[in-house]
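For reference, chains read A, B, C, D, E, F and G in written order, and residue numbers begin at 1 within each chain.
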């Protein structure tokens, strides 16, 4: 299984629109530009959604330790 | 006991349907594709269930630090 | 005291039925199959008990960072 | 993707006005002067906004482990 | 002060009855058998006390990261 | 940006009066005497303010992991 | 500032009565006997004070990760 590391999945998300669920229950969507081994993410055209509203963030750096999961929006 | 490391159990889950309990009490089910030593998981056909609803995530990267336990669904 | 490391106690639990108290106040029982230095555990015939119900998990990997304590059920 | 590390994005924020969302739900704005790999930030002309008020902090060191995300204010 | 490291105090607790306060406000008492540098403890004849009840645990491994303090019961 | 590390800012606070916001929402003021890379701080003439009261601490060691931000009081 | 590391301040507290504020809002007082780089402390004649009561702990090992700050009682 080690020949197929889970972070390799993020390579298939490059320049794709992704959705990220955060530990504070907020969601961030954006175009995936870069990641590192701590799951820090660089997103473009990002928007953050909480229980009440949606905020445009534009170009954003997201700290990996806040992330629960990342999936592609198709 | 060290000859039989607990993470080896995950090898037996390859391409099997698993259920993961998260620290925020949500559950994720999906087909196990890859893991690493931090328990980061790559799942396919994933669905997340919280207290109110079930959401289709599709192809997902799940951060290992959010996981309580992983078991196979038979 | 270092000649008698605490994790050695887990060797005496091999193939025994153990009870594990988790940080979320749930309890898991099961047959101890493997552990590592992070206290990740492989259990068989596992069951999880929360405030309301008991769920059969079967073969389970339990993340060590969620564990408060482990004791044998006699 | 590793040729394009996410923290490189912070280089493009140098001397720009940024907004930082913190884990306690507060927001800090300020001019980005320096960062390190833990996301510790040196900001000038910083202001912190919580649910009730806005406080001028001036020159501030912000601990990286408190940060959720960083974006430029345009 | 480094000639007198704080963990050396635990050597004086060997085979003594100790009381441990946990981060979840529970208390565990037991006979101290072993410790490591993460403060993982092996206790015998252990009992756990929470707000409502006292439970006999017998031989227990206690995870060090849950511990606030350890003192001898005289 | 790495030529100008954020912790260098703390050098400019030496012997100055600083205000520190803590994760428990308390604030500590004091004269900055020393810091390390974990942001552990030695303060003199320190005072801690919580929601209800102000307490004189005098000479204090403050654990870096509790800190949100540090700014000079002018 | 690195010539004057903050933990050196603890050397001046040797055999002095200190007060420690913990993350659970409790306070511990005691005579400082030893510390290490994780701020684990060995105290003698220790007492713990919570919202309701004061408990004599005697000789105690206090885990450093629970500590907010340490000051001398004069």
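Just so we're on the same page, a residue touches a chain if its C-beta (ideal position, glycine included) is under 8 Å from a C-beta of that chain, and two chains touch if they have at least 3 such contacts.
These numbers come from a predicted model, not from an experiment.
Asks: Touching both subunit B and subunit E, which chains are there?
Replies: The shared contacts of subunit B and subunit E, listed by label, come to C.
Asks: Which neighbours does subunit B have in common with subunit G?
Replies: none
Asks: Centroid from C-alpha atoms only, then distance subunit B to subunit F, rounded to Å. What do you get?
Replies: Centres of subunit B and subunit F (C-alpha means) sit 41 Å apart.
Asks: Subunit A to subunit B: how many Å between their CA centres?
Replies: Using C-alpha averages as centres, the distance is 18 Å.
Asks: From the C-alpha centre of subunit E to that of subunit F, how far is it in Å?
Replies: Those two chain centres are 33 Å apart.
Asks: Check each residue of subunit C and list the ones that touch at least two other chains.
Replies: 10, 65
Asks: Give the chain order around the ring, anchored at subunit F and oriented so that subunit G comes second.
Replies: F, G, E, C, B, A, D
Asks: Would you mind writing out the residues of subunit D in touch with subunit A in their complex?
Replies: Residues in contact with subunit A: 1-2, 4-10, 12, 21, 23, 25, 39, 64-65, 67-72, 74.
Asks: How about subunit G: which of its residues touch subunit E in the complex?
Replies: Those in contact with subunit E are residues 10-11, 14, 22, 24, 28, 33-36, 40-42, 46, 48, 57-63, 65-66.
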